[in-house]
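There are two complexes below, and they share subunit A, which is joined by subunit B in the first and by subunit C in the second.
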Partner chain A sequence: MLRDRFDQLMIVALVGVLIFTAVLMAGAGPREDNRDAQAAKRQLEREILHQARVAYIKRHYTPVITLRDSGALPDALLKLEELSRTLPGEAHNDLLSGDIMLRMGQFDRAISKLASAVKHNADYVDSASPLSQRPLIEAAVSESLPLIRDRLRVQPENRTLAQVLKDGYYLQSRLAGGCE
Partner chain B sequence: MSSTLRDRHFWVVVAAGAGLGILGVLLAVWGNPQNSGICVSYFIENSSGALGLHDNERMQYLRPELIGFVLGSILCASLFREFRSRGGSAPLARLVSGIFLIVGSAVFIGCPIKLFLRLTAGDITSVAGLVGLVAGVWIGLQGLARGIDLGRAEDERGATGMLVPAGFVLLLVFLLARPTFILFSDRGSAAQHAPLLISLAVGLTLGALAQRSRFCITGSVRDGMLMGSRSPLFWGLLAFLAGAFVTNLAMGRFNFGLYGQPGAHLEYLWSFLGMLLVGWLSVLIGGCPFRQLIKAGEGDADAGLAVIGMLLGGGLVQSWGIAATAAGVSMSGKIAVLAGLAFVLVMSLLFRDRTA
Partner chain C sequence: MKYLILIFLLCGVLLSGCEQPLEGPPIRIGYMNCNSETETMQRFRPLTAYLSQELGRPFEAVPVDTQDFESRFAAGEFTFTHGNSLLYIIMHENQGLRLLATEKRGQFGSRTAGSIIVRKDSPIKTIKDLQGKRMLFGPQLAPTGYLAQYDLMLQAGFDPEVGLDYYAIPRGAYKHEKVIYGVYFGEYDVAAAPTLDLELMTREGRISADDFRILAQSEIIPYCTFGADKDADAELVEKFRKALVELTPETTVKIDGETIKVLDSAWIDGFETLLDEDYDPIRAMAKRVNMPPYQEF
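What follows is the complex of A and B.
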């Protein structure tokens, strides 16, 4: 290396390119193509979208929660059914259905609904999320799973119940953590 | 045996194995997801996400451990004058193999290191993966014995072996400087991580130890099959298992059972096939995902290409829904594993030297 003029030229050019890059980076204000701002905006939009979703859910489901808290559980389920027509596939619908069914003692359906909610939105088992519903899901799993297991022992051919148990194990696994 | 015990290399291997097992559990105690204190495939998926190769908002974080493995390896290799730029052994086949290493791991939910971390935490669903890994290593060995050879790596001019480690230095700069184009999850499992400096220090230490010892999970299984207890790597694996098991017990993280295990599913056939793919490929390309990172740090450009393939694979398994979840394995995941098995079968046919 550095034996002839060509090598020396390459080294000088390399140093020049590095200096030029450093100067460019040091002196850079907002980039011309505005990509930094775009990236920051994307992060912000993601955050806004998330917060908007939380607010949206709260706004739409407040009547259901009010009915649930007042003990009018069948009415709350009817209201949820009504909402599911305007918000099809919304995970929060499944979550609240699961919550209400759990209160009504319908453990099988509660577990299936809660599993469906978590599959669509893992924030429900994420303790850092404002949408976290870990205590509810933990309670559902600890109350329901032993009962479902007992019933399945008596009716081993019951495929629906076997699927509910599978959903229960899914919830248990998600509550345990892991890398999803 | 007594001469083995006097061998310094033997103890380096045992230290590497025990270190990987103990620190693998402790990293989860310090903040990494449960049973994923060290999981190369998961770290790769996180890092791919941070680089914008997929858009799963819950899986984006430049994992410092990954950077530490490569940089620890290059530092150690340089210190002991073992850094050597080499390559040219079926590079594209290794790149694709890197993609399929992550596919197999993502369908099982974990690399071979995590398989044993799960096992030592009492997760017996991982037994299906263990059987698959051992079967894959065995099939790979049968192939090697019958002439499958990707070709010899040659010394390369131009220090090409520096390129992948240099890339990881750049990733370290990104991790510290956090430019806006690098994405970091604020929720989900990627938001769960041990403190940066601890993760980096652990990565550097294990990278250096693994470089000195040549320790790797599939390599240990392979050598265990070939040489039994005469192989130091076999003892390294036992040290790993003992270290991880005792640490899990001590930290109250041992939960024996089949159901409700963190980051696990109940589709045993696909766990088996996913790990079979990983074991088989690892034998053919000379090491599991962890070992590819270490070799890339030693200047092996072929392993570097496998690492690049792994990063691409990390993006693909998330973007295409290949990665399994606790709910099970998706159809695309199943097809991807079968495509991987088809790839390794074709590779076995094309790279076979039939003259011997």
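What follows is the complex of A and C.
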């Protein structure tokens, strides 16, 4: 088998490669300090994203918030309508819309809008997020659900309200920590 | 025998691909004209065809002017009605019209409101400031283009008949848009605009939210409504209502070889079944403003 020196050399080289590979594989697992660095990097990325999002919201939605806070609720809704042209599908549009509808006493519309906002951005129910809107969503759920249930008892065939109730339960489950 | 069964089966398979023939005499649906007969027919032909398809009965769309609606319904010209919420109340009180379903459109779903608007740079800040001003209203039977705003002023202690210098209603079609542009271009100081029209025109980029200030907005009230003659067959009426509330944005119908989305074509987001008592705020407005069906001379 090992007829000449070349064969012997090849065998030695092969064994060498195998040992080297084994040593590499043994040391390939994540080291403690490496894992920490990864986590810190992820945390930094998250924070940068949150800061960017907060700045973005402030830049686009300050006029709406100013109108809302001054009590000009219909004007605030109209401004949101205008923003939906330039920012279609933006979750914050739904969130503010839900907030304003709640202030106007339009509980069913508020619940649908807030559910849509949370479906698009889970930060709104995350108490650790700078975008958290838990107090607003908790208030909407606690005020609206009894009213919607009462109405559905009178009108069990109302499909629109049945969907609103589903949205309300969805928000309740997300507030309780449930997933999608 | 075997061949006979096979022939029957084959016929069954072939016939199942054909459209079911519509049975009985045509059933007419009166649709309130918002702008013109042509527009009404374009909007509601697909919905009417969908109802025919779902109910297996031939439905026919009839465009009707708002002012003629009650008299034509009372004369038996149509069995089903689609009109604004004030028309529903008038015909419910006077002719026993039954509530079927309410149209959903815009931010408030099956409800909407009336707004009193001024230009953003207007010195008018409250309803009291309307003293001696020029105002533009929508058509008189429009719940959110006339009634709601008139009521808002009366509720604020301002009688438009005495307090305003002058008020008018635009002529012809697209009255609500003319009202909004009337203020925008400075022809009038203030206008009675349906909140939904403001919303739609803003969404379409025809006006900017920054151009106007909403001086006051009415209570949120039910939007356009389908009704049925009190003597119409109860089973047919229930099927009609069910077909309306089952409509989704994906529902299509074939017209002249074209597949058309029913709701899109009718400018409707869907339908909701409301209760007659949901219309009570409009009744209260009509009583305060002395409008039909509670008008007293």
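Everything below uses one rule, namely that the second predicted complex is superposed on the first by the 130 of 180 C-alpha atoms of A that agree within 3 Å, B and C clash if a C-alpha of one lies under 4 Å from a C-alpha of the other, contacts with A are read in each partner's own complex, and residues count from 1 in each chain.
Assume a contact is a pair of C-beta atoms (placed from the backbone, for glycine too) under 8 Å apart; a residue touches a chain by one contact, two chains touch by 3 or more.
In this text, all values refer to a predicted model and were calculated from it rather than measured experimentally.
Would you sort A:Asp126 into first (subunit B), second (subunit C), both or neither based on which partner it touches?
It touches subunit B, and subunit C stays clear.
One more residue to check, A:Ala40. First (subunit B), second (subunit C), both or neither?
first
Quick check on the superposed pair: does A:Gln106 touch subunit B, subunit C, both, or neither? Answer first, second, both or neither.
The second partner, subunit C, only.
Could you tell me if A:Ala72 is touching subunit B, subunit C, both of them or neither one (first, second, both, neither)?
second
Write out the stretch or stretches of subunit A touching subunit C in their complex.
Those residues of subunit A that touch subunit C are 72-75, 77-79, 81-82, 84-85, 97, 101, 104, 106, 108-109, 154-155, 157-161.
For a test of understanding, state which residues of subunit B touch subunit A in their complex under the given definition.
The contact residues of subunit B facing subunit A are 33-36, 39, 42, 57-58, 109-110, 179-181, 183, 186-189, 191-192, 255, 259-266, 325-327.
Which stretch or stretches of subunit C touch subunit A in the complex?
The touching residues are 104, 107-111, 113, 115, 195, 198-199, 202-203, 205, 208-210, 212-214, 217, 220, 245, 270, 272-273, 275.
Hey, which residues of subunit A end up touching subunit B in the complex?
On the subunit A side, the touching residues are 35-36, 39-40, 43, 46-47, 115, 119, 122-123, 126, 128-129, 166, 169-170, 172-180.
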